[in-house]
Amino acid sequence: MNAWIYIAIFIFLSLFFPALLAVAGWFLGPRRPNPIKEDTYECGLETVGETWVQFKIQYYLFALVFLVFDVELVFLYPWAVAYHKLPLYAVGEGVLFIALLAAALIYAWRKGALEWS
Amino acid sequence: MGILSQPVGAIAAWLQALLEGWGLAPGLTKVILYLIGAGLVATLVQVWVIFLIWFERKIIGRFQDRLGPNRVGPYGLLQPFADLIKIITKEVIIPAKADKPVYLLGPIVMDAGVLAIWAVIPLMPMVGMDTNIAALYTIAVGAFATLGILMSGWASNNKFALVSAIRTVAQMVAYEVPTVLALLVPVLLAGTMSLQGIVKAQHVWFVIFAPLAFLIYFIASVAEVGRTPFDLLEAESEIVAGFHIEYSGMVFAIFYVADFLHAFTIGALAAVLFLGGWRGPGVEAFPLLGIVYLWIKAFAVYFLVVWARGSLPRVRIDQMMNFSWKFLTPLALILLVVAAVLDHFVIGLGVWGRALSHLAANAVVAWLVLQYLEHYDRARARQRPMVAQPGQYPEARPPAPVETSPETAS
Amino acid sequence: MIPLNWYLLVSAALFALGLFGVLSRKNAVAILMGVELMLNAVNINLLAFWRYRAPTESTGLAFAVIVFAVAAAEVAVGLALFIAVYRRFKSVAADEINLLKW
Amino acid sequence: MTVMQIVFLITAVVTLFAAFRVVTTPNMVHAALWLIVTLFGAAVFYALLQANFLAVAQVVVYIGAIAILMMFVIMLTRREMRDRGPQTGKQWPWAAVIAAAFFGGLVWLSQQAALPAAPQADVPKDSIAQLGQALVSPNGFVIPFEVASVLLLAALIGAVYLAWTRHQS
């Protein structure tokens, strides 16, 4: 529990420091707003309409493969911590798990989901 | 328990006795002590960034045959302070169409995500919070850096910022996978997720156990920070300045600070995980030396990052994605399996026997990978039409002007 | 110490809010967010009972980890469905996708 | 009222308020950001319950991956970046009634059982290693462990199949 108190204090401080910098900048700097200055930057052109962006499906696929890996890693970390206490067959189970993970990667690869077109 | 063998413990005990002497409750005293400790570490690290900015500008200057900052103070040492005063008195312009709360929170979340990693870094023996989840905590906190980028990119309400933020996040996400997989190797070897425990387990540095995992960790971390050669997020020619295009003044400076801090933090993490952390001669007697050793090692890795920035050109985005998904990730998986299977059989060999057998296995894997890459390169070369592209195939010399027949020249 | 009851109340409230989101939202992604809230409520419940009833066994932890995997799989497939639906209908509003509605 | 209880109450208020915003805010990206606050609150609860590993894993998986994926899809499935008009269907009063009834039922249920006011034992120091052993032990969770891997593989295959079309490649 002590560790969590320390970590909570640290996270609070690490939010506090940049916030302090931002506040200092806000008060020490001048403030002379005008509509042109506050306009959206677009290499000098005037912005037309709302921001209107369509993204490629690739971004979703990358994030998807990442999600699958991330979740599997949550399983692998306890396995790695317990590793020295495990019999050989349990290590083999971990290897099987990693092999399935590799199969997921190979499928995404073969399917072209990792291609940046 | 003398001041030399236990400096921080002794000071903490003295402070605790002092505060409790004033009649404070023990619980509150503990919180105040933690606050002081955390404040010291966080301030030290933030102030260190000022030096890092000077150092990096100076070194990059020398790499490029320039002098670098040399006007303000001896060797330009006061230049970052001058910059700080300048930037803090600049106007903070918030675009009218921006989503203000999210816009302002973005950089703060990003900087916090980097700074909070220092909560678990073991600075010296007995110091630094010893949690049993520290290794995973460093990854978890990194998620906030990603989130901060996405927030500021979206809240700016600018096409370029949004495109750049999404690209950056895709890059960070792609390189987080090899980072986490490489991080698993020290965790597996040490049998604990506590960073203090990982340092203690390194009677022989883990870089000897797993040089390839160290390399993967280093490259993937550099890419996660978005340093050259992976600095696609600020490719001026494509997406103007990146996700922070709409930021100005001190709010922009927070991104800048976070960037430098992140680069040094990966140095510190690499030092803790693979280079023995605070380990070094004389640490047992004088624990304060530990922080010096850690700083030297972290700085060495940071220097490598700057070196790479000074020497390598930027890679293309498709190359970068391929490099992570199709090279680093499979390699990290293979290394993990090799380490897991091998360690089971060599655990009884003693420290050096274990280390050397891991090293040998790594060497074999590296040799196989190089063989495969060469084979792959030749196969690719056969498929491609023979157009002379300088430097593409090192073995193919440019045709000599006179004796060449037309077939080979075309 | 915190009584177990408090955890149960919080998780019940979180579950109810998630249910409200699932039933009332138009955007399909928002419906999925409601489901996530419900899964988190379940996880708080599981871990609270683990802590108060059987902290020396790892059953509760293992359960929660497997809920993570299920949640991730659900999000992955759900979001892929929405992308496929969006491509067909140019919308992810649940009340505009009514081809099967009589 | 101990310090722990105060921390619990603050976390509970923040988490539930954020969850309320998730289901009511008209701006989808804001909903995703509030969802992240809720998920972080849940992680704090896990930490209070001394499930250290789960608290960190919650941040890694939910905030680091799931929330980011959701924000990506929110940005993918629209033309304009801003949402307009109400995002709640006409049936929302019914939804509120059902949710309230559900909440009432759950509260009533939780009052029925005799619940302990304090944990009966401490969490062992090596709970993560124990979890790791249980996950691969034949008497423990080895089948769910491998099935989870297969499930995620299947989810990946399904998701790639659904989201991928030929004309895009």
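Note that the chains are named A, B, C and D in the order they appear, and that numbering of residues resets to 1 at the start of each chain.
The working rule: a contact is a pair of C-beta atoms (placed from the backbone, for glycine too) under 8 Å apart; a residue touches a chain by one contact, two chains touch by 3 or more.
Source: prediction; values computed, not measured.
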item	value
Interface with more contacting C-beta pairs, comparing C-D to A-C	C-D
Reference subunit A; chain at largest CA-centroid distance	C
Most centrally placed chain, judged by C-alpha centres	A
Between subunit D and subunit C, distance of the C-alpha-averaged centres to the nearest whole Å	6
Where subunit A and subunit C are represented by their mean Cα positions, the distance between them in whole Å	21
Separation of subunit B from subunit C, taking each centre as the mean of its C-alpha atoms, in whole Å	34
Separation of mean Cα positions, subunit D and subunit B [Å, integer]	29
Where subunit D touches two or more other chains, by residue	50, 52-53, 57, 60-61, 64-66, 68-69, 72-73, 75-76, 81, 128-131, 133, 135, 148, 152, 155-156, 159-161, 163, 165
Residues of subunit C touching at least two other chains	65, 68-69, 72, 75-76, 79-80, 83
In subunit B, residues with contacts to at least two other chains	131, 136-137, 157, 162, 166, 169, 173, 176, 191, 193
Touching pairs among all chains present in the structure	A-B, A-C, A-D, B-D, C-D
Residue ranges of subunit C in contact with subunit D within the complex	1-10, 12-21, 23-27, 29-30, 32-34, 36-37, 40, 43-44, 47-48, 50-53, 55-62, 64-66, 68-77, 79-84, 86-87, 92, 94-95
Complex contact set, residues of subunit D against subunit C	2, 4-5, 8, 12, 15-16, 19-20, 22-23, 28, 31-32, 35, 38-39, 42, 45-46, 48-51, 53-54, 57-58, 61-62, 65-66, 69-70, 73-74, 76-77, 83, 86-89, 91-92, 94-96, 98-100, 102-103, 106-107, 110, 115-124, 127, 130-131, 133-135, 140-141, 144, 148, 151-152, 154-156, 158-163, 165
Subunit D partner contacts - residues on subunit A that touch it in the complex	1, 4, 50-55, 57, 59-61, 63-68, 70-75, 77-83, 85-86, 90, 93-94, 96-97, 100-101, 103-104, 107-108, 111-113, 115, 117
Of subunit C, residues touching subunit A in the complex	65, 68-69, 72, 75-76, 79-80, 83
Touch list for subunit D against partner subunit A, complex	47, 50, 52-53, 57, 60-61, 64-66, 68-69, 72-73, 75-76, 79-82, 128-133, 135-137, 142, 145-146, 148-150, 152-153, 155-157, 159-161, 163-165, 168-169
